[in-house]
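Pasting the structures here.
Each of the next two complexes has subunit A plus one other chain: subunit B in the first, subunit C in the second.
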Partner chain A sequence: MALLEVKNIKTYYGNICALKGVTFEVNEGEIVCLIGSNGAGKTTTLKSITGLLHPAEGSILFNGRDITCMEPHQIVQEGIAMVPEGRHVFSKLSTLENLEMGAYSRKDNNNIQHDVENVFTLFPRLKERSKQSAGTLSGGEQQMLAIARALMAKPKLLLLDEPSMGLAPLLLESIFENVKEINAQGTTVLLVEQNTKLALAIAHRGYVLQTGEVNLSGKTQDLQNNELVKKTYLGTT
Partner chain B sequence: MNKFKSTLITFFSKPIVRNILITIALAALLSLPLFDFPQKNLWVRIIGYAGLYIILGMGLLVHVGFAGMFDLGFAAFYAIGAYTYAFLASPHFDIHLPFWIVIFIAGSIAAVVGTLVSIPVLKLRGDYLGIVTLGFGEIVRMLLMNLTKITNGSQGIIGLDKPTLFGIVFNKGTHFYYLIFAVIVVLLIVLNRIIHSRTGRAWLAMREDEDVAQMSGINTSKYKLLAFALGAFIGGLGGAIFAAWQGSIFPDNFNMNVSINILCLIILGGLGNQYGVILGAMALIALPDILRGLSDYRMLIFGLLLIIMMILRPQGFLPRKPPQLENCDSKPTTKQKEVQL
Partner chain C sequence: MEKLIEQLINGLTVGSFYALIALGYTMVYGVLSMINFAHGDIFMVGAYFGYFTITQLSNNGFSESHPVLAIIFTFLAGALGAALTGVTVERLAYRPLRKASRLATLISAIGTSIFLQEFVRLIPKFGEILASLSIAGKTIFPPSWGNAIIDVTKTFGGAMVKTYPGLLGTDGIRLGEVFISYSRILIMAIAIVFMVLLFILVRYTKLGKAMRAVSEDKDTAALMGINVNRIISSTFFIGSALAGIAGVMIGIFYLQIKPTMGFTPGIKAFTSAVVGGIGNIPGAMLGGYILGLAEVISIQFLPAVYKDTVAFAILIIMLIVKPTGILGGRDGKNKL
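Our next item is the complex of A and B:
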């Protein structure tokens, strides 16, 4: 049984149909990427999973439980954490306070300190900045913080929305290395990314979204060699 | 000049200097009614009135400063509290419940109404919420004005009961002065506890970024309702105290000016800081009376002072300190110590 099963969901913004029946699944331990151009419905899909938007039709199963109609805070408690697009950090709080806010939903207070140390080993830069207010961090550091904060909720499934946005190429690779490491430590990752090349490089499987529908899916090697993907998203012929 | 300013600032920000100043101010305020000086009753009344606005300011602070919900109709809760007292402790319906019970009923009714109003507007943010609350404030005043059979319309309700405590009847300004003083102290303690609790942290996260707060597992609807109810409760409490003190109330006591004044005083005091509310209320409510000697030019000077103040110190007298969560004072852990060695 897959960890996350999205079955034929249709999500609307008012009258506009943004997802016209999206189906995919994420197995435990995988990195799965959703790729597609602007307006394909990638972010909408993530928002539907986290409960920020509710699909009008279809269902979403997580760990065998139906989470389609749950509210965001309940879904966090089920074990899904999302890193929103564009590095939303609590800019007036310190780095450490941001991390503690990420652990808000947890009941096991004693382990929080230990997990803070854990994310600091993953992102040593954050440790140096632990007392600085998050708004003064650089873009890359804020992205690290947003990921670290999501990890503090101890998710089974981590959703990443465009982690590459606005980052310098050098930082990009280190962030993607981090994502691989997070996955190796046992967190399943669902990655939404416009940088198709990078996304396919670290993911196990991928789905291509186009105007609200899944167009293609498969192992990343197959996608990398697919003519359509090459032409539209990788820019090589 | 700048050097002088900076030494002045460091001098006043030393904790010991601050504590001494606060103690002196508290002692002065507490003993003020005990001395005899010219126009004593007037001064007790002015400061007591400012104290009432401190209570109302703290209520609105929960809405605007803590939870980040813009509220332009706070006078509605003030009015509900006051009329609850008038209904339950006056010859109007010939019900005479004791003050100490009625203030809690008044607060609770205001809280229930506040919750009911906020349910449909939970999804609204910012300015839109401001418009809804503005309308709500006016609706309440209109109802008080026009439901003449119940509220006696613009004639108001007069002859309200005076509170009693251990046989003392509260019939002097001084009594209410001390009552309000005590309520403020209790509110300060309660609010201080709340902002350092789980609830306070949830409000903080909501105010900073509602989406991320939701994704961190915070039930934002619940905490919004809670903030609205708590703020309204404090507003209702203030209303009941006002009604008992004044002895008579009229719908016009609760017009939009009151809401705007309360909002002004918490902005002036420094949005989000419960101590700032005290300074803000003293400045905004007491100053016009202190300037009374200037007669006709009074409001002119007052407005000018407000403008100058907001240009020179837009963050208010006492801006919000960034909250320090419990684990934040990082004492060097054993590991770090080893490294230092």
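Our next item is the complex of A and C:
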């Protein structure tokens, strides 16, 4: 049984159908990427998983439990944490307070301090900035904070929405290294990315979304060699 | 000189009312970006809950034997009554409209304001109707219950002005030539204590941090596992409780309460919140005291009837010069 099973979900914005039946699964321990161009439905898919949007049809199973109709705060407790597109750190809260908010739903208060130290080991820059309000952090630091904040929930599944957005190339690689490290420590990752090359470089498997449907899927090596992917998303021939 | 100091103390007293009420406006605006125009009436409801409690306590002699406890109970009743009213109003009148246009919520708020005033005014009528409800010629409630219901509802509400028992009398302390009544001291002290408590709550507790997170970004807050609706309810609870405390203070200080009493202080407190920077908690406190002091100072130079004019002139000048308020952010997006 897969950790996350998305079965034929259809999600609407008012009358506009953004997802026309998306099906995919994520197995425990994997990094899976969803790639596709603007408006393909990548973010809508993540919002449907986290409960910010509710699919009109289809179902989403996590760890065997149906989470399709749950509210976002309940889904976090099930073990899914999200790094939203555009980072969305709480700019008026300090770095440390942002991390505390990430751990909001946890009951084991005693271990939180220990986990703060853990994410500081992963992102030493954040430790230096712990008292600063998050709005004053640089874009890269905010991205680190958004990832660290999601990790504070101790998720089984981490959703990343466009972590590469607006980052300098050098920083990009280090962020993607971090994602690999997080995965190696046992967190399953679902990555949504427009930077297809980088996404395929770290993921195990991938799905290609096009106008609200999955039209291609497979191991990343296969996708890298696929003519359509090469032409449309990698820009190589 | 003595006259001036007394006037300043008067300004601080009035400012305490405004500041406490303004906090409710500002907190609700901070988390929902809406003006709760029923907030002045929630303050009124708090005054009525306090009135009901203190009359019961003085009828059975409790307030004579335990005056301090009686005052504490009165404030508790006013705060709780107002808080529950505020939470109910949010649940029934605002939450269903959360995704609707701002205008819809605004109209709902004005409707709620009228509803609360009329409800308090008509409570004795409801009592009579309830007591006379009958099935097949027999009243549902036995006559003794019926009388109790009529009694309680008559004490609680009604169109007539109600008079708080003078809890603190007119005594006070004299510092040289300056006289400060105990009621003023109590009002200023309670206001400051609750403002400090609120500041600590918002700044340092988990609930306060969650309120700030919700204030900034509801969707992301939900993704952290924060139950956004519960945080919004808590915000209404706390803001309304502060208004209820202010309502009891007005009762203790001016002794008279009536169903329409919420309007003017409500609008003045709203002005205070805007002057301080709506959405900003220290701003609401500052704005309240500025307005209170401006009013008493204006009385020194202008006929007393102009004090409302002065208050609203300050609002207009502020809106022209710095629309985001004294402590407001530059982008006008003030957050708790």
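Following the convention adopted for this analysis, the second predicted complex is superposed on the first by the 237 of 237 C-alpha atoms of A that agree within 3 Å, B and C clash if a C-alpha of one lies under 4 Å from a C-alpha of the other, contacts with A are read in each partner's own complex, and residues count from 1 in each chain.
Rule of thumb we're sticking to: a contact is a pair of C-beta atoms (placed from the backbone, for glycine too) under 8 Å apart; a residue touches a chain by one contact, two chains touch by 3 or more.
Remember, predicted model here, so these are calculated numbers, not experimental data.
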Partners on subunit A (subunit B, subunit C) - clash or fit: clash
Which of subunit B and subunit C A:P72 touches, first, second, both or neither: both
Partner chain in contact with A:K131 - subunit B first, subunit C second, else both or neither: first
Residue contacts on subunit A - larger count, subunit B or subunit C: B
Touched partner set for A:G21, first subunit B, second subunit C, both or neither: neither
Touched partner set for A:A153, first subunit B, second subunit C, both or neither: both
Partner chain(s) touched by A:G58 [first = subunit B, second = subunit C, both, neither]: neither
First, second, both or neither for A:G218, with subunit B first and subunit C second: neither
Which superposed partner A:G139 touches (first subunit B, second subunit C, both, neither): neither
Residues of subunit A contacting subunit B in one complex and subunit C in the other: 50-52, 71-73, 76-77, 81-82, 84, 88, 90-93, 97, 100-102, 104-105, 149, 153
Footprint of subunit B on subunit A - complex, ascending: 50-52, 71-73, 76-77, 81-82, 84, 88-94, 96-97, 100-102, 104-105, 112-113, 130-131, 133, 149-150, 153
Footprint of subunit A on subunit C - complex, ascending: 206, 209-210, 212-213, 216-217, 219-228, 335
Interface residues, subunit A side, partner subunit C - complex: 50-52, 71-73, 76-77, 81-82, 84, 88, 90-93, 97, 100-102, 104-105, 149, 153
Residue numbers on subunit B that touch subunit A, as the complex places them: 198, 201-202, 204-205, 208-209, 211-212, 214-221, 322-325, 327-328, 330
